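Two complexes, one shared chain (chain A), two partners (chain B, chain C).
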Partner chain A sequence: MSNQVSPTETVNVPTTKYNYKALLTDGILKENPVFKYMLALCPALAITSNTFNSFGLGIITLIVLVTTNTAISIIGRFVPNEIRIPIYITVIAVAVTIMEMLTHAFMPALFSALGLFIALVVSNCLVLGRAEAFASKNSVVASFCDGLGNGLGFLFAMIVLGFFRELLGTGAIDFDGIFGFRLFPQEYAIPLFIQPMGAFATLGVIVGITASVSILKNHKKTQKKGA
Partner chain B sequence: MEYLSLFIGATLVTNIILASFLGICPVIGVSKKVSSALGMGGAVIFVTVVSSAATWLIYHLLLVGLGLEFMRTIVFILIVASLVQFVEMFMKKFTPALYKVLGVFLPLMATNCAIIGAALINIDRDFTFTSTIVHAFGVSIGFTLVIFIFSTIRERLETSNTPEGFKGVPIALVVVTIMAMGFFGFVGLGS
Partner chain C sequence: MKFPLKSAPHIQGKTKNSNILATVLKAALFVAVWSIFNRFFVFGIETALHIVFMIIAACAAGTAAHVIFYYLGTLKNNDFNFSKFTQKFTTGETVVTGLILALAMQSTSHLYAVVIVTLFAEIMGKLIFGGYGQNIFNPIAVGLVFNALAFGGTTLTVGALPDIVSAATPLAWLNSQNWIINPYTANNFILSSGGVLSMFLGTIPAFVGAGAIGETSRLALVLALCYMCYKKAADWTTPVIYVGVVFIIAAVYGFFIGAGFWYPVIHILTGGVIFGAVFLASDSVTIPFNRQGKAIFAILLAMFTMLIRFNTSHVEGVAFSIILMNMMVPFIDSKTLNITSKKIGAKVASVAITFAVALIFVVGFTILFS
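Take a look at the complex of A and B:
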């Protein structure tokens, strides 16, 4: 962990001009909250055994993150510094409860599949982390973009994890009947990947490979400079 | 006997980290040294048991009576956050030595999903008050067990020869995979 920069340190001192495009796109690949900063690991591991559920929780977290980031950037300057964390947590808990009730009402199947993990968005370190590190210090529009960018990054990570785990674990992808395909027969699938331990393995290998690729790239760059 | 099987089930079979995926961030984050892992484990045991008892009482005596069950997420997270704050202040005043050992891990516990997760599971599974205490104790002992074993392995990993890209967190995740496979062998025990 020592070689990683904590997300609080990457936030620049607020300037009058924001690079909105960077705020929106950095979170997806370059600064991905899951693959790069190891935030929000619990939901990213627990419910990614199936692509559709991962997508569902990804969307719920995205909406919560955008709402709370926007709300906290509005109230941020009025909140006394000593009690800011309980206030942020309350704002997040309100957004999560609303999402929980909406999912229960309109998508009961998804609600029962995700179970506890909708309520646990409240203790998702990504949501509180962005509130504390970015939204409390920056403008409303910038916080909205930051929430959207990080939410999309989380959604992307969830889909990647869910896709590989479902594909390797069952040999096929079934996106709630909307689309799906079978790559190889069920007999050749590795059930390990849809069981809990497969989640750790998939995430570890993905993070390891991305780190290896970036090390290789840097290596090539320095070689070119040397030659 | 019933409580013993509940305890073993919560500790080993449905281990909070390896089977339920709660509280992974602290396990990855503060498992580099055995001493800090044990400090974190101790703090989690205390806060989980006390907050499970408090949330159970408030849910059954207050929220159910008022018909406000849907408010549980908001109320529980506030209970956990204020309890963590209270424990921090209490320790600072009365047990400064222990406070120094735990240091930064105390405030981190407000976003530890193992604690709020245990509180929500107690309600979802309709536990009695005694079962809630036993379950919370089992869950947090399971957390401490895993974070302790993991930290001993990680101290060794530091000096071992790992591929460049896998150093640090990726190899730790692969180690957790193997540990989870080991704990998978407990399925069927105690339930």
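Take a look at the complex of A and C:
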């Protein structure tokens, strides 16, 4: 009687077939977390005054997202439903702390530039959102692909925002000395775009453009079907 | 007997969007021509030509923004119609924002700044919301705020105009004194700039110099407002109450710091108060519907203008306060539109309460923190 297993604890392995290509590529443009779902706006608005910094935070978030998605998809089935959020947060915090220490050790300039925002990846709603919505219910390989796709989408959004803000705000791109160019002289730059208001304006315009492009595509599709 | 077969409104007034736009355009052109001649006689041909180029650049940028947005709008159904396209330009919709914006900018502004500011104002202030009549914020105020934040601190000015007085404008000087000036300095200041009447007419080099183009002559602005009110393109309520409340708040504050009657006069005659009242606060799209709402709007507008003048580092607060108050227009409308016309007492009381609050707020705040 003592080793009787209650029926609620039966392991329920998902048997769905995944479209791995869609999982990898949808996050970049079609279902971009920043431009389509408005997730992770805090770092996307606060850090993107500079292309290199936004690239750095994008890479950090990408690695954290992939590791936590994989780990949570492994442990997801054994986690009691009532305390799943604290456990996910603990897993995410471990990954973020490792990334923070690595950045501190190997890229001190980026670490000092990003400051608190590396630790704040713990509270990034994209990471917890993917863990809760996808990784806890799906297989390990699918969660890995989903984390990679969404992380790449976030990285893409950060680079786009940082590129346009730095270009308009300073007239030049300086990617940590690795490469860089000057489009127009410094005195013609609009420093407003490096300030917070420029972040909101740039993000709003890009979100508007992506939304109108998708509306236009859907409209064209329905027109073709109708004809 | 003639039976009207169309549906309701059978009686229509002559006022149309295109008429209003044409009237505003004429008024702005009048101010522009006045300012250009003023500068031509004071400084010479070079300065006047620069202003002409500024106005042309602003109008061209506004038209370009409209062309781009019209083309993008036709992409959905592929219904590009050339006659509709040209019809847009005959109403003057594409140039009116640019023209007034150029008038509100410093006369030493770089053409690059003029173009960028106009594009920003047209696209972010007007076209993104759906064009003329749909905008929440006054596009001219949006452009002016963008100009103050983006190009206010830079040195992107025209250096090659030798005749322009490089001294600070009276407004900047007053702001550096924190608007508290003793009678002796004030007397010197008014004399050095040619007296109150010259301030009103705008015939003094110090005023014509580096200030905004359209803000040189208050007489031209008042004439433009009279013309617009006569043609029913603008309502007199907002501009008159706005300037009046600015005058009263300044007078009360002047009484507390021991200044005389000249103090509120200086407040009105420097900076963009009259320009903002004539061209920004009278825009029928972004202000409340009925007269009571307009009065409350104007009083709160004056309150924000004076608060920004007294208590912030910004030199001028007209454009900022107009943007702030544009946000509150739906709220004011929701509170004032449902009051029936018989309750005159309630209307007067609400306006009076708003006025008292504004007065106490500005004067109390300024005396407390200065």
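The definition used in the following text is that the second predicted complex is superposed on the first by the 201 of 227 C-alpha atoms of A that agree within 3 Å, B and C clash if a C-alpha of one lies under 4 Å from a C-alpha of the other, contacts with A are read in each partner's own complex, and residues count from 1 in each chain.
Assume contacts are C-beta pairs under 8 Å (C-beta built on N, C-alpha and C of every residue); 3 or more make two chains touch, one makes a residue touch a chain.
Just so it is clear, the model here is predicted, and its values are computed rather than measured.
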Quiz prompt | Touching partner for A:Glu187 - first (chain B), second (chain C), both, neither | solution = second
Exercise. Could you look at A:Gly208 and tell me whether it touches chain B, chain C, both or neither (first, second, both, neither)?
Key: both
Quiz item: On chain A, which partner's contacts cover more residues, chain B's or chain C's?
Solution: B
Quiz item: If you stack the two complexes on chain A, which partner ends up touching A:Ala199: first (chain B), second (chain C), both, or neither?
Solution: first
Quiz item: Do chain B and chain C land on any of the same chain A residues, and which?
Solution: 195, 197, 201, 208, 212, 215
Self-check item: Touching residues (chain side chain A, partner chain C) in the complex
Solution: 187-188, 190-192, 195, 197, 201, 208, 212, 215-216, 219
Quiz prompt | Touching residues on chain A, where the partner in the complex is chain B | solution = 1-4, 38-39, 41-43, 45-46, 85-86, 89-90, 93-94, 96-97, 100-101, 116, 119-120, 122-125, 128, 195-201, 203-205, 207-215
Exercise. Under the touch definition given earlier, write down the residues of chain C that touch chain A in their complex.
Key: 72, 75-76, 112, 116, 124, 128, 146, 149-151, 153-156
Practice problem: In the complex, go through chain B and note every residue touching chain A. | Solution: 18-25, 28-29, 32, 70-74, 77-78, 81-82, 85, 110-113, 116-117, 120-121, 124, 163-174, 176-178, 180-181, 184
